[in-house]
Amino acid sequence: MGRERVRYPAFAICFTLLLLVPLVVVVATAVNPGAYIKFPPDGFTLDWFTTAVETPRFQSSLLLSLRIAVIASVVGLALTIPTAVAITRGRRRLRPWVSTATVLPLITPDMLLALGLLIMLVQIGMASSLIGLVLGHVLIGMPLAVQVLVAALSGVDENVEQAAQTLGASRATAFVRVTLPAILPAIGSAAVFLFIFSFDNVSISLFLSAPGQTTLPITMFQYLEYNSDPTVSAMSTILIVLSLVVAVVLSRLGGLSHLAGSPTRRSS
Amino acid sequence: MTRARSPEDDTTLGRRGSWLLGGPMLVFVVAMFGYPAYLVLRTSVASGDGLESGGFSLTHYVTFFSDSLYLDALLNTFVIAVVSTAITAVLGLLYAYEITRRPGLRTVLLLLLVLPLLVNGVVRIYGLQLGMISLDRLLLDAGLRDTPLGLQYSFAGIIIALVMFQFPFMALAIYAGLSRLDVSLVEAAQTLGAPRRAVLLRVVLPLAVPGLVAGSVLTFAAAAGTFIIPAMMGGGRVNTIPQMIYTSVSQTSQWATASAFAVVLVAILAVSILYSLRRGLRSTAGTR
Amino acid sequence: MTFTHQSGTAPASTEASVPYLRLRAVTKQYPTGGGVAGVDLTVAKGDMLVLLGPSGCGKTTLLRTLAGLLQPDSGAIELDGQDLVSVPTFRRNISMVFQTWALFPTMTVRDNVAFGLKMRHVGKQDRNERVARALELVGLTEFADRLPRQLSGGQQQRVAVARAIVVEPRLILMDEPLSSLDHRIRVQLRAQLKDLQRGLGLTGVYVTHDHTEALALGDRIAVMDAGRIVELGRPVDVFARPTRRYTAEFLGLANVVDVSADGGGYRTAAGARIPDDVIAGRSDVVAVALRPDCVRLSQTDDGGTPGVVRVVEYQPGGVLHDVELTGGARLQALTPVGLSYSIDTPVFVTPEWSKAVPLAD
Amino acid sequence: MAPELSRRSLLTIAGGLGAGYLLAGCGGDDEPSATGASGGSGELVVRTWSGVWEGAVNAMASGFESASGISLLNDPGSDTLTLLEQRPGEHDVAWLIGTDSTRGMTDGTLEPIDTSRIERFAQINSRLSDGITQDGELSGVPISYTATGIIYNRDRLGFEITSWEDLWREELRGQLCIQNAPSIGGLFLVFTGARVFGSGPDDYEAGWKAIEELAPNVQFLFNTSSDGISKLASGSVLACVTIADQGVPLREQGIETVIPEEGTTYSIQSLTVPAESKNKDAAYEFINFMLDQDNQVEWARNGKAAPSTTDVTLPDDLASELLETPAVAESLWPIDWYEFGQQIPDWTTRWQRIFGS
C-alpha cells in the first residue's frame, strides 16, 4: 500500500518555500536593468554584480566581516567547548549557574546588549577597538553554540570515555581522542552558528564597530541610505550562493543534522 | 528507556576541573553582560541625562509612565511579541512534528530553513515587502480583491516578518526535542485508542514543550527587542520601545532616558519569560 | 469483565476451540527485505499464542500488523468475526505492551494507566476505580503518583502491563516485554503475567526469542522463520516433539543429527541405523533430534562410538558433556551428577536412537 | 533611519566625557588611509560618505593630484564627526551635511572657514552658505546640494502635481511616502507646511498642523531613501517626497519628478576643515579645486548633486540628469541648520505622536 515508503511533509515543504520567497525576490531584483530595486524586474542584466564586486567598500567590508566572523568563531569555540563540558560533566552545583549564564544574552534584545556594551567599552576606553566588536559578536553567538555542543556531548556515552581511560588514556587524552571526534559535527555546527551570528549581525556592529571599520551588513545598510540601485541585491545574491555552497558542503560532512540534534530511530 | 542518572556521574570532572572549564564563561558573561547591564541600570536612575551624570532620580521612569506615547509603544511592543510568538510556536510545532514523522527531504528542508539566516535582515525585508506588493497586485489583477491586503505598514506586516525571521529558530528548537521522540510512544497511544489529534495533544505536545519553551523565549525576546523590523515593516506607523530607545540615543543622546526604556523593556521581558517558564516547567515536570 | 482471579479455571486450550482471532495469508514485505509472507493463524478466545523466533524472523512485523501499526500488503485479519485490516489502530480496542514499554514520560503512573480509559471516554469515577484496581493487580498502588523514570525496570514493566489490561482489550499484544530485565525479575514477572492473562481470560499474542519464556507463557507456540510459521502447536509438543530441523536447532535443547535414506531405512552419517518406528513411515525426514539424556556414556568399550569429552557443563538436571566423536562430529550427553566425566576423558558413546524424533527440513 | 547617526551621537557624548583616552583606543588596522599617514605637506586625507560619494571623490582625485601635486587619500565612511573627535589630526577635509556641520562648529571639532581663502566664495549661492553661518563664522563650504522634490506616477494619479499643496489632496490618500524622523527629509515638511499653510517660514505650529492633516495621505515612512524609490518603482505608492534627483532613473518607468515653483527644502554637502587638520593649506586648495567651474561640473556629474556655485553651466546631458535648475537654485528656502539641529529631538517625539498608532 506504499504507506511505509518515504512520506513527504507537505506543510513543511510549502512553508519552507514560503520562507524562501524574500530571497527569491532579492535575487530577482538584482538583475533589474534600471537603477532601482524592482520586482518583478523589467529586464535582465548582470551589471550590478560587476558593480557589487568592484565597489571597494564592499570588498573591504566583506574582508573585515569574514575576518571578524572567523576570529569570533575561533574565540567562541575556545570559550564554548569547555563550557559545554562543564555543563554536561561538571559538578551538579555548578551546572545551573553556567547554563543560566549562557542563556542570558539570548533572551536579551541585541540592541540592549549593544547599549550596555557601548557604555562599558567607552568607560574602559575600548570603544572603537576590534576586540570589543569580536567579543560582542561572541556574546550573541555563544548561547546557541553552547546548546548545540551540550546536546551533542550529552549524547556521547561517558562510558566510552571511561573505557578509554581503562585502556590507559589520561582523562584529557580520552576526551581529545574519543569524545572530541564524536562531537566534531556539533563543533562544526557551533562554529557555523558563531560565524553566522557574527557575519550577519547589525545591532552590535552598528554600536560597536569602529568608525572606518564597517562590517558588510552595515555597509550594505548604509549603501541603501544613499543609493537605491540593486547593487545591494546583487551582493546579497552572491552571499546567498556562497552560503548555499557552504551549507551543501556542511550537510555532506553530516554537520547539518547536528544543528538540531540527530534523531534516534526505532530499534525494531 | 530513560534510566535515571545515578549521582555517581557527578564525579566525572572534579571540583577544580569544573571551575576551570566553566569559569571562563562565567567571567565572560559577568564582564560582557552583567557589568554592562549594571551600567544601564545605573544610568537609568541617574539624575541627569548624560552618561556619567551620577546622582539618583526616578525622573526618567516617571517620564516614561506618564506619557501615553511611551505607554502605547510599550503596549504595541508587547502585543507584537505575544502574537508573533504564538503564531511562530504553532507553525513551528506543526513543522517539526511533520518532519519528525515524515523524514523525506528532511536534510534539504533543514538546510533551506537555515539559508535565510545568512542574508542581511534589511535585504530580506525588502524581499518580503516586494513579495507582498506582488501578491497584492496579483490579487487585484485576478479580481479576487478590490483593495490591497494591507499587510505592509501595519501590525500584520510586522508580525508576518517576525514570524518569518524567527521561524527557523523555533522550528529547530522544537525539532531538537521531537527528534528524540520515541516513536513507540505514539504507537502506544494509538494502541490505547488515541486518535491522531489526541496523540498530538497528549503525547507529542508534552514532549515538545521544552523545545517549544526555548524557542518561544527566543522569539519573544527577539520580537520585543527588534528595531529594524517595526521600523521598516511598520513604515513608521507603529511605535515600539526599541525604536524609542534608538531615537533617544541616536538623536538626542538621552542616555538615561534610553536606559530607563531599556530597563522597563527587559523587566517586562523577564517577568513574562519567567512566568511562562514556570508554567511550562510545571506542565512538563516529567521531561528531562 | 471483572478482575476476579480465576486461576485454575482457564479455558481449555485445544485446537478445537472456536477461532477468535484469524489470520489468512497475511503478507507484509519490506522493500529492503524481511517481513512476513502468507501467514495463516488462528487463536482461540482466552488463549495466549507465542510467536517464537530469532530476530528478523518477522514476528514483530506480524504483531505490529495485528496492532494496525503496519498495514498488510495482502491477507485478512479477523477478530471475533470482524475484519480488522480496515480499522485504524485506535479503534481496534486492543492494547500492546512494547519492548521498551513506551511509558509516557510526562505522565505519572496513574495517568499512564488511565490514558486508554480517557481515550474511551470512561467516566471519571469509573476510571479512577479501574485504574486503582489495575494498579493493585500489578502491585503498584503506592507508586501511582510517581513518574516512570522514578521506577525500576520491573516496576515500569508492570505499569505497561497495567496500562494494557485496564482497558479490557479484545486482544493484548506483547512485544518482548521482558527482554530488557534481569533474569530473576524476568522469571518472576513471567509468572505474574501468565497469572494475569489466565485470570482475566485475556486473549493474547506474545512475541519473544526466548524459548523458556515461550514454554512458560504460551498456550500455543508458533515458531517463525524468515517470515513464515514453521511449527505450530502446544508447548509440550513443540519442545518434546519438534517436527522441523529448524525448530530443533533454534530451541537448542537436543542433538540434531543429519540422516539420509539408505534403501528402506535411515542412517546417520556415521552409519548408525535409525529404527523404522522412529521414522514412522515419513518420507520427508532429513535429521533426527535426540535429547542429551538419551545418550549414554561409558568408559568401557560397550560397543559405543569412541570419543573424547571436550566440555563439561553443570546443569540443574545433571551434567552435560560435549563429546567429540572420532571423525569430528559432536554429540551432547546428559548424565546424572554422580556419573560425570572430566574433560579429555576418552569415552564410548551410545545414542538411544529409538528415542529420537524425526525432523523434516 | 540614519544608522550612522547613532554611533556618532553616542560616541560624541562618550568622547566628551571619556576625554582623551579614547584616542588610544583605536585598535583598527583595516583602513590604510586612516593610519596616521596624514599630515605630510604633500598629502591630503579626505573623509566622505560611502556609496555614490566614495566613487565621486575617487573620480575627482586624479584631477586634483595633477593640478596641485598633492596626493589625495580618500577615507570614506560614516560617523565622520565622531571619527574627527576620536582621531584628531588624521583628516584634513570632511564632507558633512548641514546639521552635522553646524554641530561640529558648536563643539569645536571644526574650525571656522577662512572665507578670504576661498577664491570663488562670492559665486556660492548665498542661500546655501547663510544657513551654516552663525556670528559671521562659516562652518563649512557648500560644494553642492540636493533639492527636495516630489516623485510621482502621473498616469495613475490622474493629475499633475505643481505645488506642495497638492500633497494634501484627497487623491493621494494612502498613496504617499515620506522619510521618517529623525532623518531630516521628513521633518523638512514642517518647514513646507509652515510656508504653504501658515503665516510664514517660522510658523511651525501651522507646519505641524499641516503634518497632522497630511498623515492620512501617508502610506508609510521610509527609513532609507532607497525604500521609497523601490516602492515607487514597484507601484505600491503613487508619490514620494525625497531627493528630487533620485527620480531621474525612474523616468523610463513613466514616473515624473517635480520641484514646485514656490520653492523647496534641500540638503547640502559642505566641505569642512577639522580644527586639528595638519594640512590646512592643502585643505583650502582642495576646496578651491572643488569650487572651480569645470570641477563643479565634474563633481555634479559624479556626485549626482547640483553645483553650489551660481555661475556654472551644466552641459545638456548633465542638465537633464539634475533637476536643480538655476530657477530652483533661486527659489531655495533658507534653512537655519543651527536651529534645525536643536529642534530635531523635540520634533521627532512630536512626529512619533502623529504617525505612530
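Should a chain be cited, it is by its letter among A, B, C and D, assigned in written order, with residues numbered from 1 in that chain.
In this text, a residue touches a chain if its C-beta (ideal position, glycine included) is under 8 Å from a C-beta of that chain, and two chains touch if they have at least 3 such contacts.
Being a predicted model, the structure only gives us computed values, none of them experimental.
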item: If a chain touches chain B and chain D alike, it appears here; value: A
item: Furthest chain, CA centroid comparison against chain C; value: D
item: Which two chains share the largest set of C-beta contact pairs; value: A-B
item: For chain A paired with chain D, centre-to-centre distance based on mean C-alpha positions, whole Å; value: 37
item: Euclidean distance of C-alpha centroids - chain B vs chain C, Å; value: 54
item: Centroid distance [mean C-alpha coordinates] between chain D and chain C, Å; value: 89
item: Between chain B and chain A, distance of the C-alpha-averaged centres to the nearest whole Å; value: 17
item: Two or more partner chains touched - positions in chain C; value: 99-100
item: Numbers and ranges of chain B residues touching at least 2 other chains; value: 51, 122, 126, 130, 133-134, 182, 184, 246, 249, 255
item: Chain D: positions in contact with at least two other chains; value: 2, 6, 10, 14, 17, 224, 227, 230, 234
item: Of all residues in chain C, those that touch chain B in their complex; value: 67-69, 88-96, 98-108, 115-116, 119-120, 147-150, 153, 156, 163-164, 167, 173, 180
item: Contacting residues of chain B [partner chain D, same complex]; value: 50-52, 69, 72-73, 76, 122, 126, 129-130, 133-134, 136-137, 148, 152-153, 231-232, 235-239, 244, 246-247, 249-255
item: Contact set on chain D toward chain B in their complex; value: 1-2, 5-6, 8-10, 12-14, 17, 177, 180-182, 219-224, 227, 230-231, 234-236, 344-345, 348-349, 352-353, 355-357
item: Residues of chain A touching chain D in the complex; value: 29, 34-39, 42, 55-57, 60, 63-64, 118-119, 122-123, 125-131, 206-207, 209-214, 218-219, 221-229, 232
item: Chain B residues within the chain C interface of the complex; value: 1-4, 182, 184-185, 187-195, 198, 202-203, 206-207, 209, 284-287
